[in-house]
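Structures are listed in the sections that come next.
After this come two complexes, each holding chain A, first together with chain B and then together with chain C.
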Partner chain A sequence: MTVKRKPYILLCIIAVLAALLGIPRLFSMDYYLHIFVMSEIYAVLALSLSLLVGFTGQVSMGHAAFYGMGAYASAILSLRLGLSFWVTFWMAGLLVGTVAYLIGRLVLRLRGHVLAITTAFFCVLVTVVMNNWIPVTNGPMGITGVPSPSPFSLFGVHAVIETRAQYYYLGLLFVACVVYFLWRIESSRIGDAMIAVRENEELAKSIGIDTMKSKVLAFTISGALAGLAGAFYAHYIHFISPVTFTINESINILVMVIFGGMSTLFGPILGAVCLTILPEFLRMAGELRLVIYGIALIVFIIWMPMGIWGTIQRILLPKGPEKTQG
Partner chain B sequence: MSMLRSENVSMYFGGLKAVENVSLEVREGEILSLIGPNGAGKTTFFNLASGFLTPTKGHVYFSDKEVTGLPPHVIASMGLVRTFQKTNIFAEVSVEESVRIGFNLHRRASLGSILTGGRATRDEDGRIAGVLEELLAFTGLADWRKALVKNIPYGKQRMLSIAIALATGPKLLMLDEPATGLNPVETKELIDIILRIRGDRGITILLIEHNMRLVVSISDRMAVLSYGEKLAEGKPDEISRNPAVIEAYLGKGFQNVSQG
Partner chain C sequence: MTVTTIFFQQILNGVIQGCIYALIALGLSLVFGILEIANFAHGEFYMIGAFMALFSITFLGVPFFIAMIIAMIGMAFVATVIERVVFRPIVGKPLINSMLLSFGLSTALANLALYFFKADPRKITSGLASYRFSFLGLYITGERIAILVLSVFLVLLLAWFIQYTRTGKAMRAVAQDRTAAQLAGINIRRIYSVTFAISGALAAAAGTMVGAMFFVNPEMGFTVVLKSFVIVTLGGFGKIKGVIFAAILIGLVESLGGGFISYAYKDAYPFLLLILLFILKPEGLAGGK
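Take a look at the complex of A and B:
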């Protein structure tokens, strides 16, 4: 069965890759390309959150806080210290990862709704700091003039990241790296321990899994990746302000994860791309745009509780693990 | 040599004395059953030994190291693994994956090796796959490997709990009412498995069980708890003749009946 399907899957992968690489040629308008770059950023955000929500079963409504911290960290470092994006990008990830670790140690003792609400408050708190710590963040006015990545030469290839198409390719590389990273983590002993935490914490503890460690690790990785996405965003838009990183954004990312399908790698990507494109597509509906968007979400979630990817999987693989043997 | 030893362990929940001054020793290689009427404190004793509760008073030693108040995952990593009275499973994953999670304790591949898919990880995965296969066959779950745990029959779920516990490679396995809800055929299979866990794998077993036929047929020794206190300890035939035990189970005035 699987042997027969393999070349077919390989063909699909090649087709998707070609389509992804060809997008800037097909949609050369800046407006379209912008939507695709934003889809990439949201894909990273949704993927990173799915490690926490889908794999480890801990609901966080504070993801935008880490996203925002990454954006501010990278913007401030590059403007104040004159460091290149290629340095501040990683510094932002490291910094936000550290913050996520510390916050995780504090809040992951909580569970379920209480954890969701606490992380939501954390997100509000971070927005308040962005608005009021004027000497550093410039308050509600935001930070302007965040530079593009500096040109670089690698293996004799000289590259500039200036146009939207170039950002698109850089973003594609970013998403690919994140997918690979999460794929390796999720299929390893670390991912096994996270699944155990999600499924049954008591049983996980009884077989020697340090559940707190798993949760904190998921929270840290998730936060660090959101921080990297934030850094990418800041140097792409060149302007950041607190309104981008509110609790609404946290919920938006969470909806992408649920909409796409939680505990897979493709689900969150699909959710991110759909929910970035859909609101733009609905612009033609004018005032009814948000109403239609809301109804569409409700309908999808009622009809596809496993998310889009979960539903596709069920249709494509009728003999999947859903059915029992024997 | 003692595998597990408790010294005057007590657990109070407010004014309730769930376990009071229990001193018990599980010897290496034996099957010791803990019996007693409902509410006697058997499961509380399990929780105290496995770290899910910290005793109000007293000490617990595992392989002569004090484990009183250590977190459950640390005690489990030392080799004391317990199952639960209620069915405790990883519902949404496959049987195979469930048991693989049980091996987590023994997987040490570094982050670098995991990310690169390096040799250490591949070797480890291969080794685990082999042991996993053997364990699925041992517990009779091989035919169910791909099924989601929530979809397999109740008896198989109970067996899976034992398979997961065995995957951790315990020195002492503590089974909390493993035969509850099993039909006679499954109970026979369970007895067989428990005897082989001890016989083939040399794992010491502490067992809570209400099914007296099962208990008497496999135990080397038995201990009786009643109202949180230890009433008696000894060989199965001694226990079944002990007047205090009969009183605890049946009430006063039944001694003559059972002796007759």
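Take a look at the complex of A and C:
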């Protein structure tokens, strides 16, 4: 990243970390903590999608399919084979990553609208399979009784993950790892190649970048991370069903990425947190909740196409850092 | 009934379904070709059109055909207003904006309809369903014959309009090159409005027909819009003949697959077909835009 690090930025980071760690003490109600844990899951989903949409410039509407596959894979593995969450979590990521690789090889030849729409079809297809492959997925009834992560001892520390606060800390670790992982990718040559693909695919090809490889890599990583988020979700909620992983969820995640601002690491997190908390306020509107949501989305896209973070940056930094311009 | 009769009955149903899909997909394809917008709210145009026809019949007591015309005119007007207020500010912006915008519109319209009309399915009574004809062991109702004739007529009318009228020619010019069309003195704002009006009217006609054959409810739009995108992708964006052909193909695949393979996966066949085609013939579909 090209933003110059100043001393006060370090201070800010420490303050934010302290605030994040202190949240379970400040908001001890289960309801609030649940919203925070969901924000973490959505943060991972939005971050992983932003690698594809924001960095590589490929719009996918199939993210919920990978999220759902991760959830189902982990739930089925742990219930049928009796494996621990600590094993099935990684297996789900690996499995979904493999599927994402294969799908990516197939669909990334397409561009623009056609790619977006084709990935949307893929998402619909996965939902249809979840609903109808009853021996494995239990159909529309979903899978109940997905176990919590088993207790473990690491370096002499004994830990259980059962309460919402414990899930919150586990999720925080998860988000931190994903941010670090994506930051390393995005500041490497691989990340540069991805940006080159976004800016001008033909030009990137002409200077010897294997654009297909970059796109497939972004698609695979983004799918695998969504799979991990799905596994986390399944073992947190303990119940999964096809209605959670429909195309509407894909769009929801996409909106989070746009809302926060693409092509930064902070934007998607901001979008995920805002759009997990805001709908809770809209509950007051009752039946008209989704009408308001839809209208808000229209107004937002027309007035703030660069996302919240993009707009803040444009106001605070008149010139703007180079990499954040989509 | 023998297997052959069932087979031909399913083909007949598939063709009728395909004609309705063609009406919906053509509107979507026109909007895409001319404004370069993927309009996910197109399914809601179809739903609102169906409700307009339904209410014209229940409250005004007009016959089926008049109700359909009222719905088409009404929806053409609504679509024009929507284009003006919602879509015009983002013409020429990146595709992701128009997609999410139309999703917002789709969510808002579908839930508004749910709020006012409630979720219970209703049926449009055409008064033609009681006429039944049988031919070589195949059954068809008068209603379905009317739908078949009407949809073919509308498609031909559209093809004629685009091919031969001045406005139609201007639409094709804008689809080819927006700037050049503007330089040639075409008022492209008017073309945008006309395009949306046509797409809304066709969707309303399709909604009325489906409402007569099956049901009308606020959630009917979304599956249809996705299927129409399958059709437009298969047939080629902005290509009328290709879209019609693809629409009938999808109608047949659904009806035959649903009848002979498994009904549960009926909605998945169009998507499977498309993905299969991508594997077998990637260059053909990715060509053009």
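What we mean here is this: the second predicted complex is superposed on the first by the 313 of 326 C-alpha atoms of A that agree within 3 Å, B and C clash if a C-alpha of one lies under 4 Å from a C-alpha of the other, contacts with A are read in each partner's own complex, and residues count from 1 in each chain.
Definition applied: a residue touches a chain if its C-beta (ideal position, glycine included) is under 8 Å from a C-beta of that chain, and two chains touch if they have at least 3 such contacts.
In this text, all values refer to a predicted model and were calculated from it rather than measured experimentally.
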Touched chain A residues, chain B compared with chain C: C
Contacts of A:Ser188 with chain B and chain C, given as first, second, both or neither: first
Touching partner for A:Arg314 - first (chain B), second (chain C), both, neither: neither
Which of chain B and chain C A:Val59 touches, first, second, both or neither: second
Touched partner set for A:His238, first chain B, second chain C, both or neither: neither
First, second, both or neither for A:Pro305, with chain B first and chain C second: second
Contacts of A:Ile207 with chain B and chain C, given as first, second, both or neither: first
Shared chain A contacts, counted only where both chain B and chain C touch the same residue: 326
In the complex with chain C, residue positions of chain A that touch it: 53, 59, 61, 106-107, 109-114, 116-118, 120-122, 124-125, 128-129, 132, 247, 251, 254-255, 258, 287-291, 293-298, 301-302, 305, 326
Chain B - residues contacting chain A, complex: 50, 52, 71-73, 76-77, 81-84, 88-94, 97, 100-102, 104-105, 107, 109, 111, 114-115, 117, 121, 124, 143-144, 146-148, 151-152, 164-165, 167-168
Complex contact set, residues of chain A against chain B: 181, 184-185, 188-190, 192-193, 195-196, 199-200, 202-211, 321-326
Residue numbers on chain C that touch chain A, as the complex places them: 32, 38, 86, 89-90, 93-97, 99-101, 103-112, 114-115, 226, 229-230, 233, 237, 264-265, 267-268, 271-272, 274-275, 278-279, 282, 285-286, 289
